[in-house]
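Same chain, two partners: chain A is paired with chain B first, then with chain C.
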Partner chain A sequence: MDFSVILRAVGSLAVISGVLSVMISISEKVLNNYGICEIDINNGARLLKVEGGSTLLNTLAGEKIFIPSACGGKATCGLCKVKVLEGTPSGLLPTEEPYINQEERKQNVRLSCQVKVKGNMKLEIEEELFNIKEFICDVEDITDMTYDIKRVRLKLAPGETINFKAGQFMQFYSKPYGKVKEVVFRAYSISSKSSEHDHIELLFRLVPGGICTGYVHQALKVGDKARMSGPYGDFYLRGNCEELIMIAGGSGLAPIRSLVYEVIENNLPHKMRFFFGANTLKDLYYMEEFAQIQKDYPQFTFIPCLAFPEAEDEWTGVTGFVTVALEQQIQNGEGKEAYLCGSPGMLDACIKILKDKGFTDQTIFYDKFS
Partner chain B sequence: MPQISPIVIFFASIITSNMILSNFLGMCSYLSISSEYKTATGLGMAVTLVLTLTTFINWAIYHFVIVPLEIQYLSYIIYIMVIAAFVQILEMAMDRYTPDLYAKLGIFLPLITVNCAILGVTLFMVIRQYGALQSLVYGLGSGLGWWLAINMLAAIREKLKKAKLPPGISGPAISFIITGIMAMAFIGFSGIFTIQ
Partner chain C sequence: MKENPRDEMLQRDMREGRLSKDGFLGDDDRDIQEIISDDEAVLATVGITAAKIADTMRALTQEGLKGMGEECPVGDYMIKVEEYMGFMGCPFKDGFRQAKRNTTIRNQNGKTMIWTDVNIHLIGAHGFFQGKGAEYRLEPMELIEFLELKAD
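Coming up: the complex of A and B.
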């Protein structure tokens, strides 16, 4: 074959793709350049001058204002809501629609991970969110609680403290490791006592193929630095009742442990019943600790339920799903509040039973670990 | 260059040579994004816009670059690059100037790049040796035809939501059946215009 043919083919392809990429980068420069934008938060309480062009969530994070987010901006958690009063088209993106109800639509609530900063904006953000801080902690200890759950104990930087309500969660940032090049952040509930202000503990259940839990299980070591922000969330003790019904599965135990300690450390009068669901004996953890609490504080009852106990487990406790235990042991919703944590499937099943028993949206509180 | 009137090409590409109903091109987004009338309309609009413009751009590239350089064997790669680049730029421009429409189309815009109807129209345009105006009109007509077909399917599927279907055929199966029936109905138009 003639050499010039090859040259012409390669050359023309190179020139055409070159021209196209130059056109794309020019359009990007021209079209995606929104200059410096002013963001007015809560009617002048904070005024920010930021570079336009990226999402509101990331822009605000760059200014140290941390909007809650469990999915890291993928529009799958619906936690990153803010009120956008001015500065963005009123129509919702298709990605936002499942998370914004009619009431919120009227108030211009949007998902901040989907809205782009394209000009001056006016926002309304809950005051509380200004208290959310970023922490760089030392990993002090990593303990295997079960074959797939690790407890990570983190020490805050000297002089730094955290104030959180038992039940709230942190956003934990992964780092690139192995083949994973991205940095992601995910929500993890705080399992330690809210009276401890210089340490926090998180429980990580390994999700096969999961980026963040993979990082913690495979790469994170004692002595490493870990980055997180928080505290977030409205899953915390209300206590307008006599008895707290607590229900958890897997790593959902984390916020419940914190809640139980909040009640007993503050000498609150509430009775507590904690239903903990697992498949087999090897999925149970913190058993001795909860047994000890039950001994020391008669107001607390611990009810572990095994769905599929194996013969060698020699299980004598409740056998079956948590829903079975709930069905049998809870008569009605009078004077009770329910706190649930765990996988969406389990939560939905339990909430249905609780509602049949007379619990309402005002007495059921939950965090879905989705 | 065949002397077919652009008006004939326009109507033929909508009705008798409909991209979906007579060529069965662009089926995957047609099937997957036709469960709601509103979104189907958005996608149809975007496909029409991209088809019209890329067919014309590819016409110019074919005649002013590919033919003079005699690199016809690279034409497929070049068309696809042009379509991908064009969709990217269009996305940015819409984000900037028509944010409302951009918001409505959302992820359907980038999906258009891989819609085979777009490449199909470009290839037909080359094979049939259309001129500039003919290509423009052909792109527009094909887009409108695709839009018409997806809207019809979406409208029928919305009605079907309330119907009782035998369990085995709900979902893609019934969509194929509907499409087949629509295609047969469109055969009724054949002979009014011919462009092939």
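Coming up: the complex of A and C.
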């Protein structure tokens, strides 16, 4: 075949592709131009005027209404549910179906990360979500608590304050770094005192392959700006009891530390026993601080448990899984509430023991990592 | 060729830095369906299903959980299961959501394999062993040999 013919064919194809790309680009702009849309939330409680075309999750975030989400809008967590009463075609998208049960379908519950704003809408969301704020903070300090846990202390912008209940969590946003080209956010329990309104402390245990913890461990530096939203969650102190049994493992210590300080600083009468489970001595942290609290406040007892102490650890405390200590030291659930935070495996084992001892679903509160 | 926007979204979400730092595709240029088909063909040669492999992996992880984060003996293996904060959803968006959990398993010859709960789900529910070069890619034949699986 003549070489010039081939060249002409390739050239023609390139021109056609270019024209098609321009046409697609123009048509996208025309077809996806939904103009200004009105969003009515909770029957007039909030009225928004927004540019259409984006997902409901992002649109609401742009208006400082933060719907909890753990996957950043990729339809893999199923948490960002809202009731869409009007304004979107009925019928779920295939990406929503696994997360919405029959009852929720009847109530028009949708995943806000999948629904696009294409016209006026009426929504129903939990009132308390209006209290969630976004914060741009200064990274004031990063401390290695163990070989794989970092504590990050964040200072809020001047004049800004946060009110949270001890036990609640924040969503922390990472920035692009290395191979990660986009912002992602994940949930982290607050470890600082709820009386501290201008700072937040979070604990980050490095997750293999984790985007957000990888960012904190590898890229975040003192002096950087960090973005968060919150506070979220219903893991907080009820206190309808005489004694609080607190149980944590790993970075699950974070909300428990905050709870302990809430009791102490508010002069609450509760006794507290804190069982902190770890494998070896190098996994324990905040040891001196909790030992000092125990010394200063007789109502507080700290019980670190090492499952596999090494000879050089010269460990004299409780040896064995935290479950063994619970079996031995908790007689019954009378007058007690239990607060747990840790890995699902540890929590499941502890909850089983607590229930065997008379604790109930009404007296056990937990923040399972999952 | 990708079939529809959902497939395109899937291919995109599987790349590094989307759902996990290193992604599910590694440096594999093949389409996800192609990766699945190629691995399926490998399994067909030995008459073992992806579901059977996943069931075996799941059972071993469940037994390993008894070690509560430390290595413990399970049959001929030593298994360590570590759990991390948060959870991981299935990139196929099928509603699967599981704690971030890594299983490190060592056989008597000293060979070690590592898998996550998402690995197990991807293999069992989607026949997806991940792309070549992906951090958690598990070679089907290597797994079969390691788990000492035989055709029914």
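Everything that follows uses one rule, which is that the second predicted complex is superposed on the first by the 274 of 370 C-alpha atoms of A that agree within 3 Å, B and C clash if a C-alpha of one lies under 4 Å from a C-alpha of the other, contacts with A are read in each partner's own complex, and residues count from 1 in each chain.
Going forward, a contact is a pair of C-beta atoms (placed from the backbone, for glycine too) under 8 Å apart; a residue touches a chain by one contact, two chains touch by 3 or more.
Source: prediction; values computed, not measured.
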- Message: Under the stated touch criterion, which partner chain does A:94 make contact with: chain B (first), chain C (second), both, or neither?
- Response: both
- In the overlay, answer first, second, both or neither for which of chain B and chain C A:298 touches. neither
- Would you sort A:158 into first (chain B), second (chain C), both or neither based on which partner it touches? neither
- Task: Quick one: classify A:78 as touching chain B (first), chain C (second), both or neither.
- Result: second
- For A:269, select first, second, both or neither according to whether it touches chain B, chain C, the two together, or no partner. neither
- Task: Count the residues of chain A touched by chain B and by chain C, then name the partner with the higher count.
- Result: C
- Task: For A:35, decide between first (touching chain B), second (touching chain C), both and neither.
- Result: neither
- Query: Once the shared chain is lined up, is A:44 touching chain B (first), chain C (second), both, or neither of them?
  - Reply: neither
- Overlapping contact positions on chain A, where the chain C interface meets the chain B interface: 94-95
- In the complex, chain A residues that touch chain B: 8-9, 12-13, 16-17, 20-21, 23-24, 27-28, 31-32, 88-89, 91-95, 116, 118
- Item | chain A-touching residues of chain B, taken from the complex the two chains share | 39, 61, 65, 69-71, 73-74, 77-78, 81-82, 85, 88-89, 92-93, 95-96, 99-100, 103-104, 106-107
- Which part of chain C faces chain A closely enough to touch in the complex? 6, 13, 16-23, 65, 68-70, 81, 83-91, 93-100, 102, 135-136
- chain C-facing residues of chain A, complex: 70-71, 74-78, 94-95, 97-99, 176, 178-182, 186-188, 205, 207-211, 213-214, 250-252, 279, 307-308, 321, 343-346, 349, 368-370
